[in-house]
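I've put the structures underneath this note.
Both complexes shown next keep chain A, but they swap its partner, so chain B is in the first and chain C is in the second.
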Partner chain A sequence: MSLDTASPTARRHGSNAGQPLTRRDGLLKVTGRATYAADNHPDGMLYAVTAISRIARGRVTALDVGAARAHAGVVEVLTPANRPPLAHDPDEKMPPFGFRVEVLQDDTVRYVGQPIALVVAETLEAATEAAALLDPQYEIADARTDRSNGDRFGLAAVGIGAPPRTVHGDLAAGLAAATHVTEAEYETPAQYHNAMEPHAVVAEWHGDRVTLDMPNQAMALSCAAYGAYFDIPAENVLIRSPFLGGGFGSKAILNGPQILAILAARMLKRPVKLVLTRTQMYGPVGHRGHTWQKLRIGTDAQGRLTALHHHALCATSSFDEFIEPAANASLPLYDSPAILVEHEGLRLDIGTPGPMRAPGEASGSAALEVAMDEAAVACGMDPLEFRLANYAETEPGTGRPFSSKALRECYLEGAKRFGWAGRPLEPRQMRDENGFLVGWGMGTAVFHCPHFPAEARATLRADGTALVETAGADMGQGAWTALAQIAAEALGLDPDQVEFHSGISTLPDGGIAGGSGHTASAGLALNNAGEDAIAKLAAIATADPASPLFGAGNIGVVARSGRLHRIDDEGRSESYVDILARAGQAEVIGTAKAARDPAIAEAHAMFSHGAVFAEVKVDPDLGQIRATRLVGAFAAGRVINPRLVRSQYFGGMIWGTSFALHEEAVTDRRTGRIMNADLAEYHVPVNADVPSLDAILIEEDDPYVNPLGIKGVGEIGITGTVGAIANAVWHATGVRVRRFPVRIEDLLIARA
Partner chain B sequence: MSLSISLTINGQARTVVLDDPRVTLLDLLRERLDLPGTKKGCDRGQCGACTVLVDGRRINSCLSLAASLDGTEVTTIEGLAEGEALHPVQAAFIAHDGFQCGYCTPGQIMSAVGLIKEGHANGDPERIRELMSGNICRCGAYQGITEAILEAQKASTEANRRDAA
Partner chain C sequence: MNRFDYIRPVSVSEAIAAAAVPGSAYLAAGTNLLDLMKVGTTRPERVIDITRLPGLDRIEWLPDGGVRIAAMVRNSDLAYDERFARTFPAVAEALLSGASAQLRNAATVGGNLMQRTRCAYFHDLASACNRRVAGSGCDARDGENRLHAVLGWSEHCIATHPSDFCVPLVALDALVEVEGPHGAREIPVDLLHALPGATPERETALAPGELVVALRLPAEAADFSGNARYLKLRERTSYAFAVVSAAAALELEGKLIRKARVALGGVAAKPWRAREAEVALTGMPASAEAFAKAAEIALADALPSGDNAFKIELARRIVVRALSLAFEGTPEVMPALPASPFSTTAGAIHVA
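Up next, the complex of A and B:
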């Protein structure tokens, strides 16, 4: 295999971190031996299947429990009439990520797809058929499905605890000072995570202890939450989540069906497996909420912003709040003397939305980047030139310095690779050899850099190898590989000499695998644990008169290739094996808890940045749109593994393509039912939909974001891409579409 | 009722007593024969995660009833490697980072193996993308998947040429 060792990032960071290693879990994944939750099959296991509501609002008045029970193989049918009690009220939130859940607390129906019964049987076939026999009868109330009939409300917070409204400067004055105000409304649809692995759990109780095989992005928080629901201490909950078949935010939060399956396992004293069907994933496990966003951009004669106003109306459920923090995407990017971002809620009869890959930034940046394109057109400027003219050298409004910001390099490198120079300002100027309209567009990418507290342990063993442990989760980002590389570097070993354990909740808390923060968060803990182990080893060696390092305690030693070397005399060194052997120790254990320094965080604005350039081709007669080429240049601090980072960017850019051109849950206004709740009708990109992709990794040194200088790469690729493609569609056709996804009919209607 | 069928699974002859006529090949493999490498993403023939080879041809195992497969030969992801030696498609997926979470991967690999065996799309990435479009990868590892298949296909064509010579 070809290792891309010529990459500058690989050179810069030398030995371990920085190398484009292939995935350590690759062998397991290509042979079918990687174990996902539903692959488990403890002896005596039963199958649970939820029956779901087909109405959006009302009550279940009857269920034919008799028919379901009579089906061969059925063991139990849970309904609100016989559901055993839970120790936590499911209508109470459980901060920080615990949403209200539907666990058969009563006969109320709050959305289509809500669990209304749970059937448990000896086989999956029996449980599935019996669930269909329940034949629910309903009292139906009118569903609130849209802006026209939903209830608007004011908000205390958006996202996870972010302020709903932020003001910098005087918006009215900024607008008054403008020579031109660009004003428009943009709509983004409800989208569903659709991880390829459906939500699943295999629950097995032993007395008051429970083992849960389940995909989980936040193990420690989940142990506490399940403990609260089942009235057992958090440490009695064992979660095993070595691999997630994709998470994208949907596996960080508890959901009703999983709680019901765990409850059934306790009630029946047998292990229970529950796997949602694809259709059942459209409701109780979160989604990206529908938004309507109004933007006003004031510009002066030089094309500089005088005012930026972003208002987002965001749909949530009738009974809980997760508000897409969409408008906040307008805070960190463009320099403007006046910025106002604000959010408003809209209650609909839907399942509660939740965080989905780049929550806030994805939807908000989609609207902002198209609005910026419109403003550039209004100013008669090239979109890239316009963005450079409004480049924020410090955080807009606060004036805080960025911890690092190589966005200018992203713009320039991306434009160069794409061949942006010479792009005609006017739309409908370019055709390919087949007569298709060709358009080029761009967008800025941005994502914040969260850091979660995390813990880790590093054990140096007598044979010179190490075991490093943290309860993180791999959902495709490459945790097993990148985290092992970080640990190996701290330990002065090759990654091959480092065994990496994660994915089980008994290990030190690896924090949350989300917010693009896992590599930085768990990585810092592993780094610190490794350094702690090395410090302990050094203490042994430097205090031992028989060691060549004796007395070097004050001078210091450095760990490299399995040996400690004196800093001032590299020739004097000793191997870990010899140090431990003479000390008669089987191992030294380093531990660490790591978190971000709050003072540094307070003093800096911390973001990953990027620039995405897109080419689309549009059939002039049929309106058919194809994204043909995407170039993204991203600066996200230090790169641990360029191969995996590039894959993350590609994944994000494909999600951006999907947001721009494919994805949308379509709701029937009469019934509140999602009409395309499956993978045939809900369009996610397939291989043939994907344009040629190029991701450029821009170097960035960041001494502040965390001691390792790592930002995050999992989500930023979506942002920027959506706007770039929509703007390219405008450039190809002259038609400005402000509702996502951009559809063929939008172009045809505009032309007619 | 019970019904007995004979199958060859990954080279092993097996007689399976079906406890239920509704059992699909996918649920037979996963829930009854301890072969959970084949994945379920939709159970409706819409995602390709469950792709296996039956008599050498690619099929969605979620769409075939086990009872209808008496006498067939089934190959799953677990039966692809020869001992510790990976099938060239498996090795190419690792080398080209043709997966992230890995959940679609067994299906992608089985589709790719079938596609190469059927002699489709020699060296043409566009054809490969088209022919692999029954296998959804939500992580978006498509670029690596296409590169991996191109490489494995090239290797297998060369091997065939050598064999023929």
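Up next, the complex of A and C:
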């Protein structure tokens, strides 16, 4: 399917939603006119630079503040000795999901890369040099960096408030009933978001009001949190975040360096800018935590699951908890009479992990999908056949119906497009014309569908155009475009008649751009605001004897192409312009708040699904791997913009390729220092690593997930893909690699 | 204080005079030097910008068929010079397998030869590193050393030299022309980079202030043009340093190997010429056994310096493969994925 094909629903209804429009902000971005946070330079601005610790655990015993202060251009050096107070205790979490932050509360060092001072100077160069002059001295304690020396602990919650342990049925009985039990351990490394745009803030105070130019995925929550730290009402915090150069979860949560920069701006009564360097992004701004996952899968003689046990040991920091909800990935997918998923924490001297694109699902699905492949092999079954045999018609354990689930169609369409049929069961059976080993693998993709409360405003103007507003975030995913399409649809206008304002916290709360829920959440609010505006316009028209719509109040009207039509007689209509002109009104304003109906949510399991098929080639002697083909078929409810949706799937599948074959933070086990904290050595895929990609959009009509029927597409592409590639590597080579990323030597040593 | 003088000399002699002052560093494209200055691994007091020196941007063909490449020629310009790529195809392939297109457009011949190790501990000021601070210790020795040396290392340093370009250069007996405070001299590339021994801080044979002005490939190096390859294993298909790499060049008479050249990259503190393997191949008919034997010999002295025993076996296998690819013949056109084992993949569309 080409990128320019509208979705079938759109073709049917001739609507705006469903059209493959290009990004509204594309031109600004490719011409360099989109201004990111760090592009702001208010008059009198100072530059802040954090000095960071190079030890993982201990105390700072000395800082040469004198030398730093003496450096020309230095205005202030903040250390625990002089850091002004904050109104919220940084050693306490910030509800609903802010972490403890390191803001110079004391001289304790908890991880490498922790801010231990903030230097503010007239130039970036002066601040950078003075930060180096601080020459910290430490009292060093042994760093806990691995399973061998970290402290294990029990958990109250995983992810963001999810249960750490869930039991369905009797695991022991299920295992006893099995003819095969497949058991193995899988390891996923620490990974870092590495958004192209580093975390940045330009903070400017006016009395007790502050303006923050910063990339931000959750503006309303952030305003409240900054308000709490600085003892001002949330509405005194103005966040401007028109563009984000990627967020992936790391720009949804407050972090220490940014708080310090804002504090410095208040203290010095001048605007302050802080931009983290790439290396400084490895520590205080979250990462995907290291996991060790054990899976046990019991199967009977027919290849049906009798038991599924997923245990995840997940690294977090010594002072806070973010636990990858990895094992929970085993809850919604496969039908098993007994399921036990459980998590354990591991305290290490690292920065607190955080949500990173598909938190939990990515790591958990990586392990689960490889384990399922191993179980299929144990049963002598084709991996796709095995998954179909264990297809969950209702949510495993709870029996709740799925709000919609076109996973079977994904499996079948994906397999067809890929050419899966005829795949040999045994590994090492396929070679290409050049002698490379060829393998095919697959994995199931799944992602939950959160919905965040959101608000919006829609203003119909006298000239027949509209302004729609919500404080949303465009991280490159095309939110501006898809959200404007939804609003235009509700308003009965073309998208180019709709002006869209977003990315500033004074607008109605657009909710969180996370959890793949932004289009659904902010979209529903915009839709409802649009409908509200149309209802108000209709009220004017139907009450006006001069209008052809007079008296249609009970029959109802429909909005299309800038006109209201009588539902029962489409020939009777009037344009918005005429209605407003006659009423002498400059505009009508519709507003809305939207949230998911808790009763419907309670009654249904809500997930996006997909199936990913991968082909890899492996050099039989040298172990060099290349993913050569990926086909993903995804069902995620209604598609607002197929071009943007497909690009999200592509991005997810590329990320999955990265997870499977490239990405890993390499930590020195003795010191806890990350030895590849830069983009030269922390490998993400380059163009030459990205195989031929195909993403199939499977139609799905979901009447429950929200009134618009929209699920999420931003994260699901990673899940499924990691396992599919690892399974393809096995199929090519016969070597089962259970630690990510798969490396050359994994395939080599096995042959030597 | 991180202040330095920036000097832009107008002639080679002026540059050398400027660099004679201790604490000076030559600045070519800066793709390596500036990164090192930013992290503080090097803190030169004087930066001598040699990018605008006259006459250092030429590729000259010598009457005997050899070639002289001035030090400021850009990596891309050299790799895409048609005559050069035809005559020394393995060198062009090695160049195009290094870094990224943007870096190759900037990086110079001299800078590539003189680039420093990528050992992470060398770049981390909080780590002990004998190469950065003589006598301070080596934190790589018991650290994350999966990709460190397996040949020619010492207890004092286990770093590798990262250049791809240098690998076929040592195989082909290239030499550099150097000018310095004490005049001009020539150094074979094979002797340019030092093994660490007890003095890893002495990285090259250059004396302080000496400037590489040109690189020369002898006419005989062209004899291998029909059967020369560079092959590089890496952790992504492009834009990554070698896990191990090999250059192989053969001069054939039918199946008989008249002359052989073999060198390895990513295995030692210098590009590693495997002369004994070459001797074993000379006069032999090309065969899988002969290549395997050569590989055995090339790695006979190899020892893991840490968590990297796999590199020894990998190096053997890449020598065998590079030799067989060389025997098959230099490809008609530069592969779309230069130096990749997948360079032969039909339909490869990406230029790395």
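Simple rule for what comes next: the second predicted complex is superposed on the first by the 742 of 752 C-alpha atoms of A that agree within 3 Å, B and C clash if a C-alpha of one lies under 4 Å from a C-alpha of the other, contacts with A are read in each partner's own complex, and residues count from 1 in each chain.
Heads up, the rule we're going with is that a residue touches a chain if its C-beta (ideal position, glycine included) is under 8 Å from a C-beta of that chain, and two chains touch if they have at least 3 such contacts.
Owing to the predicted nature of the structure, the values given are computational and were not obtained by experimental measurement.
Applying the stated contact rule after C-alpha superposition, one finds that A:507 touches neither chain B nor chain C.
In the overlay built on the shared chain, the residue A:196 is in contact with chain B alone; chain C does not reach it. When the two structures are aligned on the shared chain, A:478 is found in touch with chain B, with no touch to chain C.
With both structures placed on the common chain, the touch criterion links A:622 to chain C but leaves chain B unconnected. Taking chain A as the reference chain, the count of touched residues is higher for B when chain B and chain C are set side by side. Of the two partner chains, chain C is the only one touched by A:670; chain B is not. Contacts of A:132 after superposition: chain C is touched, whereas chain B is not reached.
Residue contacts after overlaying the shared chain place A:94 against neither chain B nor chain C. Using the contact criterion defined above for the overlaid structures, shared-chain residue A:748 touches chain C, although it does not reach chain B.
By the touch criterion defined above, A:686 reaches both chain B and chain C. Contacts of chain A with chain B, set against its contacts with chain C after fitting on chain A, overlap at residues 129, 685-689.
Contact residues of chain B toward chain A in the complex are 19-20, 22-23, 27, 30-31, 34-44, 46-47, 49, 76-78, 80-81, 86, 90-91, 93-95, 97, 99-106, 109, 128-130, 132-146.
On the chain A side of its complex with chain C, the touching residues are 54-55, 71, 129, 132-133, 432-434, 436, 617, 619, 621-624, 626, 661-662, 666-671, 673, 675-676, 681, 683, 685-689, 743-745, 748-749, 752. Taken together, the chain C residues at the contact with chain A in this complex read 1-2, 40, 100, 118, 120-121, 124-127, 139, 142-144, 233-240, 243, 310, 313-314, 317-318, 320-321, 337, 340-342, 344-346, 350, 352.
Note for the complex: chain A touches chain B at residues 1-2, 22-23, 25-36, 38-39, 41, 123-126, 129, 194-198, 243-248, 275, 277-278, 474-478, 643-644, 646-648, 650-655, 678-680, 684-690, 693.
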